[in-house]
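One chain, chain A, appears in both complexes that follow, with chain B as partner in the first and chain C in the second.
== the complex of A and B ==
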């Protein structure tokens, strides 16, 4: 079904009742009052405390592992090493390069070697420190260049290159020969910590001999189930995973969920007792996956009319110790390498390399933050060289219906980036605020950034989603999905979609927390897919249930099915106002008459494909687009940047809830300000030297600027419920180049690395800015 | 990070009782705990006995008496910020207290704790130095009063002897014709540590600077007065041009950390000391002129 036609054709309404309207979140009060339950709230007294023994070497062979002293400590129940893993001692996400517990070799400071289990925290801590690990240290590679050097020691069998990617579209040399202006540059982005407010946590308890339940913080309950079952050597149905409300994730808990859960589950199963692993801020910051650092070399040509002629890109992705998500991250960067602009000739080479550092992982923006920082910085430099306005240059090249992406994917609908750019330019009064403004030691500037971000998984990996809805006997509804609530509210969006289709009031809904024993796999909450795919599975279920409800009402009212109206939890006949019935009665009749009151929905988007030789093909079902204008004020004496105002726009397909979208946009703005101006995990010889929130600095509320009303462009995606596209990631992608371009405009300094700290900007101004 | 080590906690209700507990071996006072608890967990300090002062209400006061403003060591930052006396008579301290940590930190943290933690960048240390503060130190054996500058012995170290407690900070009530200002540079705007902070205090006699004290934080092992700058201004006619000149001397007068992983480079701190000194003195002068 093409969901953009759902309103007229199926619901027979002129406007939506719930979809598109901002509501108060169904969980708002519980969260505001501290009543919402997070994983730690479930942990019962008497639970075994689990802690990890971490590698203190960045690269070393394990010579000897001695747990005897630790086991002597009163209150210590067990110490488990790789040899104790009942199933597979391997937990790599995309490639089998990552031991669950290292038994032969460690690859970074923080690699897990053993887990200790004790009656209390103190005993566990003492035991952790008493486990003896003797190392045979190896030389370590900490940088991309070190690890790619000819004589570099191999971090994994097979060498230091995890994988490569490429695009060959057109003829770049011909393209450059047609260029009037070329710019070239190397752009680097650092490790970024997710800094979610809730540290990683899992609570596991055995149920009988062959079953374990895990409650935890995560983004993909079914991935957690798969990994826990793998470590235990069990079938999937022997592991029950429940995702408790999760206090922020931003991609990070997609990776940590399985790692933490499997350790708690192994302890619980082996000891036959409930066990919990709870990280502290140090462990979160120093040892969990970060935003992959990358180094992108970009060469771009533009002709005299301002049309892009060629782009040549070299991407070096620093995986850290394990590949983890790198195949998907690098591939996503590769196919988005031109930004939301059409370039006829594209040549991209991507290389993901291992280093002996904390490994990279999923993170909001998934590679596209680095790519768009590079591309949009180049657009401003090109505009400067051409003497053209940056907005004008973008509008000449921007993707529109009928144009093709870097991977030659034809965009035949749902392309709203031009409207986004025009929208923010107009709202910010671009031409006016671009005029130079300096007062004393303060100078102002404005910049624009853009984003396009493919919805769903990368590399054409199969993707689907599932959902179920039950109409209970009293007219209330139970909605189930394994798309996770991480603060963003996606399951509420699903419930709104269902409520619109079945004509129910929102108050009639209860959204279950994900539980792998009671629902089918809706796949992960990542890739901006939770709403576009998950919500469409929800719509599929809702349509099936609606049919049963309409059939029953038509029989009872003795009228045609197309004359039945369902709204506000009432069924009625459009032709005879006296014929009406509350859902409570309708539900009763359905149960009595044998009309199925439960429905299961499933959705898979059109398949994508690519040619591995050229990288060309259909990369993603749809793209969300965004543009942001940012106004900054730079203190020329101190180098401090104040973000004065942000104008955001996004093509969301269809806004299911404008307020929830605002939540994502505003959050992403703060998040993006963080990496643009201050955030960076710093390492010294592989050791994180700012593993806390004192020295890993993230923006405070006082660093949050005024944000203009979000401009929501609606170019529906044909195959998703109501045309909705994901909104969680694009805003953080476009904000970063908007800030750096605004600083460029204000000071004449174009930065090719972030964060642009006050000290760095001050030094740059000293060197030759103003 | 580790758990808080095994430690005995005492909760005295009076100063006398507290001082008795302070005689226990390895005793440390616990005020707001916003620094101490973290230090204990990180193993940065050791304590066998914690003397929790939160119930010692006699150390929680702000009052003017005998020509001096007196602040009890257990006065919370929030109370400093809210105090009309501090805001009208010692604005430099009010400004600084308002920039300590977050609201939650200011509700828990105390001025005595901030001073005893002896961080080189402690935000209340520089304004108190600029105000000419003295520290009152009590023990079971008696009371001694020292200039605040002598209280700091090094990064995170004080000149307190075992068994002693800082009980009061006091300074002469600033007269008419005086003005002060606080400048702070952090890595973000809210809830931030000082990369450098500067407090300035001037007294005017007409156009002449009759008294001046300036102090800089996070630019030496302890918060320090920059007496060379003070001498360049004292007894001279003061205006914006003079301030510009003397401020640039800070570059060579401060001694920022040269550690590799410092929160800011030595060079940046030196340069910023000049900028912040000029801004602090300029504002202080403006305020002094308006304080008739």
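== the complex of A and C ==
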């Protein structure tokens, strides 16, 4: 089915009733009143306090583990180590390299060794400190080069390389021989902390002997269920996972959700009492996964006409202690390595390496933030060498319908990057604001960044989603998905899709929080798939329910099915205005006549595939595209950068809710400004030395630039509901290169490392550029 | 020790150890869950409440310090005309995403408008500087506060 054509083909109308119009979020009032419930708000008095004992060594063998003193402390109920894990003491997401509780060896400062359970915070804290761990320290590798050195100690049994990836397309040497100009550079991006305001948390309580319920902050309730069941050695249906409203996640809670939940669940099951694990800001910042740091070496050639001829890329991904999501991250970087540009000859080598540091993990934009920072920096340097305008160079090479990506995927529809670039150039009056402007020590500059970001899981891994919609007896609707509300509002987008299809008012909807006991796995809220896949499963459910509603109405009205109109929670016959019925009555009729009032939706996108030898194939079902223009003012004396204005554009396929999309774009601008100019987790011998919001500074309201109206390009994707594509992740990718290119334009300094702090820019200016 | 203070207009007396943070007193002892715990270090602003009308981060206030004073959380301002206008603007302008920072942001915004009903955009930014929001990028929040101010 071509889901982008539902409106005309199946609903028989031309105009949207709900989709495409901004609404007030269905959950906003509760949140504004402070009545929305997050995980910690569910925790009842008398709950067991769970805390973790963390490794204080970056790399060491555990010589002795003694919990006896901790157990003596009044109020301490238990201390559990790896030996107490009833199921599998292994929690690696993509590779089995990560113990749930380390029992032989630790791999970073912060590796969990034991969990303590106590009646209160103080006893738990005391017990954590009283657990004796004797280590046999091992040499540690902290950098990519250290860990790749020939004589480097092995962090894991298989060595220090977690995995590799590659692309071989065309002949790069031939491509470089055709180039008039070549540019080469090495681009480094640091750890970025998600800094979600709600710390990680899970609350678990046993329900009888063979069942446990976990309420937690997470992005994938079904992954949490799988990992909790694995640790307990239980069947999936013995674990019920409920995702409470989650106070920001940005990828981070996709990784921490299972880790935190499994610890709370193990304590609850073993003690037969409710138990909660609540992180503090130190734990969140020092010990939870961060944006994977990477080092990308890029060599790009362009001919005299400004056409890209070859790209050679070497990606070194620093996993930290465990691979976690590295296979997906590295793959995503590899197949996006040319940016949204067509390059005939592409050679990419990717290597993910282990180091003895906090491990990397999912973060909005995945590897694409680093890749597009490198590619778009190169585009500006190439343009400079050619004496060509950076926008013009991009337009000559940009992906359009009929062109092929780095992995040789033919793009046959839903490609709107050219419109995005033209849109932001026009809106910003590019040619005019690119003219040199200097006043005293203050100089202004303008830069552009671009993005493409594949939707759905990487590496051709199977992907699907599920949804459930129930028409209740009173005409109200209950919608269920395991796509999580993390702030982005995706489930609201689903409900809008359902409302559009069944012709209901939005007020008629209640969106349930995800509960693994009530539906099949709708898969995670990541990979820009929540709307494109989850929303299409919702559409599938809605179409099935609509059929039942139309059938019943047609029988009652003695009217042809295709003459039934459903809108504003009313059914009517188009031929006879007197024949109409509120959904409340229609629902009643459906129940008494045996027409199924509930529908289950399921959807899987067209399969992707790739050849592991060449990396070529169909990498993703579709891509979201974006472009950003940024204007900065640089103080040449201090190196201080002020972001004056941002012009964003995105090809969203179909905008389900422009206000929600604006929210994603604006939030991503802030995260982008953060990592471009100020954010960086700093380590000293493997220890995070800025583990709080005082020393790890994120943008505040004072760092908010003027943001122009978002330009939403709509190139519908054939296999998603109404053509919608994911927006939350792609929104951040083009921000960083737009900022760094604007600084390059203002100062002539092209940075290849972020964040571009005032100190670094000041130093570079004193050196006279680099 | 016993602590007596006014919470959302009601006189109350609670037993609390002297080192108990107002944040924990409110959430755990008094069940006021609208006050959120984000950093316990006065940086994120999610626990912002009004103390005698002025915004403070309740994680940095100790229970005995509120003796004889008035503590107001968002629960005490539900029908307050300034808060009603602010809330409506936040809803309409998309200033709420995950919502975890929202009660704190609304408290700071309320304190601003009470003292300065017609703030400039810069004054708005300054007033909510202590409230970190990782979702919205502040754009819609600033817009909403200015909209609310126009309606006052």
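Here is the rule we use: the second predicted complex is superposed on the first by the 768 of 770 C-alpha atoms of A that agree within 3 Å, B and C clash if a C-alpha of one lies under 4 Å from a C-alpha of the other, contacts with A are read in each partner's own complex, and residues count from 1 in each chain.
Methods note: a contact is a pair of C-beta atoms (placed from the backbone, for glycine too) under 8 Å apart; a residue touches a chain by one contact, two chains touch by 3 or more.
If you're wondering where the values come from, they're calculated on a predicted model, not measured in any experiment.
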item	value
Chain B versus chain C as contact partner of A:759, first or second or both or neither	first
Chain A: partner with more touched residues, chain B or chain C	C
Which superposed partner A:403 touches (first chain B, second chain C, both, neither)	neither
Contacts of A:700 with chain B and chain C, given as first, second, both or neither	both
Touched partner set for A:122, first chain B, second chain C, both or neither	first
Which superposed partner A:168 touches (first chain B, second chain C, both, neither)	neither
Which superposed partner A:689 touches (first chain B, second chain C, both, neither)	first
Touching partner for A:718 - first (chain B), second (chain C), both, neither	neither
Contacts of A:297 with chain B and chain C, given as first, second, both or neither	neither
Partner chain in contact with A:584 - chain B first, chain C second, else both or neither	neither
Residues of chain A that lie at the interface with chain B and also at the interface with chain C	280-281, 692, 694, 698-702
Chain B-touching residues of chain A, taken from the complex the two chains share	121-122, 125, 280-282, 637-638, 640, 642, 678, 682, 684, 689, 692, 694-695, 697-703, 757-759, 762-763
Chain C to chain A touching residues, read off their complex	28, 33-41, 43-44, 46, 73-75, 78, 87, 90-92, 94, 96-103, 106, 124-126, 128-142
Touching residues on chain B, where the partner in the complex is chain A	1-3, 6, 102, 185, 187-193, 260-261, 263-265, 268, 271-272, 275
Chain C partner contacts - residues on chain A that touch it in the complex	22, 24-25, 27-38, 40-41, 45, 194-199, 245-248, 250, 280-281, 485-489, 659-660, 662-663, 666-671, 692-694, 698-702, 704, 707
